[in-house]
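We call the chains A, B and C, going by the order they appear; numbering starts again at 1 in every chain.
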Amino acid sequence: MNRRDFLKITGILAIGAASHQTAMILLSSEVKGDQAKKKRWAMAISFSACVKREGCRDCIDNCHLIHNVPEFTDNKDKIQWIWSSHYESVFGEQTNMFTKGMLKNLSILCLCNHCENPPCVKVCPTKATWKNKDGIIMIDYHRCIGCRYCMAACPYDARSFNWKDPKPFIKEINRDFPTRAKGVVEKCNFCEERITQGLLPACVEACPEKALTFGDLNDPESDISRLLKTRFSIQRKPHLGTDPKVFYLF
Amino acid sequence: MIEKAFKGTIGYWLWLCFLSALALAGFISYLRQLDIGLGITGMGRDVSWGLYIANFTFFVGIAASSVVVVLPYYLHDYKKFGDIIILGEFLAVSSVVVTILFILVDLGVPSRVLNVLIYPSPSSLLFWDMVVLTGYLILNIVIGWWSFDAKVKEIEPPIWIKPLVYISIPWAISIHTVTAFIYSGLSAKPLWHTALLAPRFLASAFASGPSVLIVLCFIIRRWFGFNIERDVIKKIAIIVTYALSIHIFFMLAEIYTVLYSDLPSHKSHFEFLFLGVPGNRFLIPWTWGSTVGAIIAFVLFLISHKKNDSLVIFASIITVVSIWLEKGFCLIIGGFVPTPFEEYPKYVPTIFELFITLGIYAAGGLILTILYKTVVSFRQSK
Amino acid sequence: MKKIILGLILFLLVAFLPLGYNIYTGKKAYIPVIKAPEDKKECVENVFIMRKRHNIVLEKWRDASVRHGIKKYVSLNGTYKISLTGTCLGCHSDKTQFCDRCHDYAGVKPRCWDCHNIPDKVAEK
C-alpha cells in the first residue's frame, strides 16, 4: 500500500488540543516524502475531432451530471465547469478576417486551464484554493468565504460563483459526489476524485470522437506527451504567462 | 463626553431617527440577502463585483484623505488646522467602518470571514487590505479620541500620541495603495492593470475626501452654528484644486497611453466606457458625467476663491459625485466589461442592493453624526 | 440599594425557575438517546474519542482528504476510507437517529449536509 494513503492519528486525539499540531506535522511530513513522484496532469483537445459531431455536448453533460453542477435558467447565475464558446471569443487575439469566416461555427471547449502559474491561487485571502502536488488547482469549499477575488483574477472566466442555493437546480443528484452550498466559488477539478482512483476525467471518457486526451506531462511516454510532441498546439492567452495545461490541437 | 451626543434639538433627533430607519431597512434587506444569497443583487457570473466593492473602494479613499489635514498640522505646524483635524480623523473612523461593512456584505459566506485571520495568506492583497484597514481604524480611534479628550480637559495630549500620528500618515497612504494593488495586480483585467492606478487612487482620494470635509464643515456651521474659519476651508479648497488637477492629468495620461498604443484588450474597456457598444451603452452617461464633472469642479475651484461659499459647496459636491462615479462605479464595472470572452453584459443594481448600500451609508452617517455632535457640543460649551 | 437587591432576587428567581420546575415535577433533565448501529462494535476510533472529539476527527479527515489528498485513515481499529457519506453514514445509516439527536439537543448546526449527500439507502428510509 501507498504510504501517503495513511493518516495516522490513533490515540493522539484522546490527549487533547496539543496533539493537533503533532498530527499535522506527521501528516505534512508524509506528504512531503512523496514529491519525487509528482505528476503534471494536462489535457489536449483536438479541434478536428471535436467538430465532427455538430451540437454534441456529451462531455459537458457527463461532467455536469457527475459533479452535480446545477443548471440555472438565469444566465447571470450560470455555473459551468466545462462549456463551449465561439472560436473568436476564446481565441480573440488569434482571429483575423479570414479565420472569422472559416472558423465561425467552430465551438471551442473551455474549462479550467489548471495553470502552472495560477493567478487565482495567489489572490485567495484564505488559501481556499491552491495548486496540489500534481498541478491541479483545487478549491476547498469548506474554507471559501466567497469574496470572488479569484474570479476577478482568472483570465479565462473558468470560475463560477453560487449566487443562490444550487440544490434545487440540480436535475438529478449524484450521491457519490458532494454538491456545493450558496456563497462559494466552484470550477472544474480535472476530475481529481476520479484520477486518484485511476479513472479518466468524465469529459474525456464521454467523448464519442476521442477528441480529448488526458495524461501526465512528466511522463514522456504518456499519450498526451507524445501527442504534443508531434502535433502543433496552442494555449489560451499564453502571453499572460499562466502556462495553461489545456492544449488545443489543430 | 459622548453623552453630549444624546442631547440635541428635535431636528437632531429626527435626523438620527431617519438614519436609524435607513440602516434598519438596509439590515432587513441584508437578512434577505443572507437567506437567498448574493443572487438577489445585480451581480452575476460576468460582472462579479458591483456596487458594494465600488463603494468600498471609494470610501477607502475618503478614509485615507484625512491625512491631508493631519499632515499640514503635524508636519508643517499649520496651527489653523487644529480645529478641523479632529473632524478629519472622525470622518476617517466612520469611513473605515463603512468600508469594512461593504466588504462584509459582499462575502458569499460571511460567517467564515475569520478564515482570513485563521489562515493568513500574505500573497493575497485582500489579506493585506484587512490588515491595513483594521490598523488604520484603530490608529484613528486612538489618536482622535485621546487628543480630543486632552482638549476637553485642557491638558497636553499624552506623549505617545505624536509617534502614532507620524505612523498614521504613511499608513493612510498605504490603505489606498493596497486597495489599488488589489486591482492593478490582476493581469486578467486590462482596465485595472496599470501602475498608475495607485497614484490615481491617491490623487482622486485627496480631491474627494477633503471635498466631503468641506461640505461637512458647511453643514455643521448651518445646523449647529459651529464656525470653521474661512481661511481653513479656503486652504482645504486649494488642496482639493491641486489634487483634482493631478487626478485629471493622470486620467488624461491613462487615456493617451491606451488610445495611442491601440492595444485592443485595453482599448475595448475605454471604448465601452466612453462610447458603449451596440445594445449596451449603460455606462456612457456616468463616464462622461464623471469626466466632465471633474473638469467643471476644477474650474469652479480655481475661480471660487474670489466668490461666495455656495460656489465652493457646489464644486465640492460635484467633485465627490464625479470621483464616486469614476473610481467606484465605472472603474469596477468597466473592469469586467468586456469579459474575457468579449461579451458586454449589463449590470444594474437591484433594489435590495441599493437598500443595503444606503443602509451602510446610514450606519456610517450615524457614527459620524454622533462623533461630530460630541465635538461640536464640547466646543460650544466652552 | 434596596432596589438592586430586589432586582437581583427577582433575577435569580427567574433564572432558576426551570430548575425548580424540574425538581418539583420530579423530571430529570432530558438526555438525548442515540441509536448506534447494531451490527458494528467499534467506530473508527474508540467510543470515548468519538463521543468527545468526533468533530476533530472529522475536521482532520476533511483537511487530509480535501487538502492533502490522503484518502485512507489508519487507527487501532483498522483502515478506513476517508468519506463522510461512504464510511460514516455507511454504518450510522440513520442520520436523524444519530447525528441530529445530539446536535439538535446541543443547538449545534453543522453545515455538512449543505453539500454532502446522504447515501441512497439512508435517504430511502
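The rule is short, and it goes like this: a contact is a pair of C-beta atoms (placed from the backbone, for glycine too) under 8 Å apart; a residue touches a chain by one contact, two chains touch by 3 or more.
Note that the structure is predicted; figures quoted are calculated from it, not measured.
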*Examine which chains touch each other and state the graph shape they make (line, ring, star, complete, other).*
line
*Name the chain pair with more contacting C-beta pairs, choosing from A-C and A-B.*
A-B
*Cα-centroid distance, chain B relative to chain C, in whole angstrom*: 46
*Distance-wise, how many Å sit between the C-alpha centres of chain A and chain C, to the nearest whole number?*
35
*So what's the Cα centroid distance for chain A and chain B, whole Å?*
38
*Out of chain A, which residues touch more than one other chain, so two or more?*
181
_Applying the document's contact rule, which stretches of chain C touch chain A when the two form their complex?_
45, 48-49, 53, 56-57, 60-62, 64, 66-76, 79, 82, 85, 111, 114-120, 123
*Touch list for chain A against partner chain B, complex*: 74-79, 85, 88-90, 92-93, 119, 122-128, 143-149, 151-157, 160-165, 181-185, 237, 240-241
*asked:* Looking at the complex, which residues from chain A come into contact with chain C?
replied: 1, 4-11, 13-14, 20, 23, 27-28, 30-31, 130, 132-133, 138, 140-142, 173, 175-181, 192, 196
*Within their complex, state which residues of chain B touch chain A.*
36-39, 43-46, 48-49, 103, 106-110, 112-113, 115-116, 118-119, 121, 123-127, 130, 182, 185-189, 264-265, 335-336, 339-343, 345
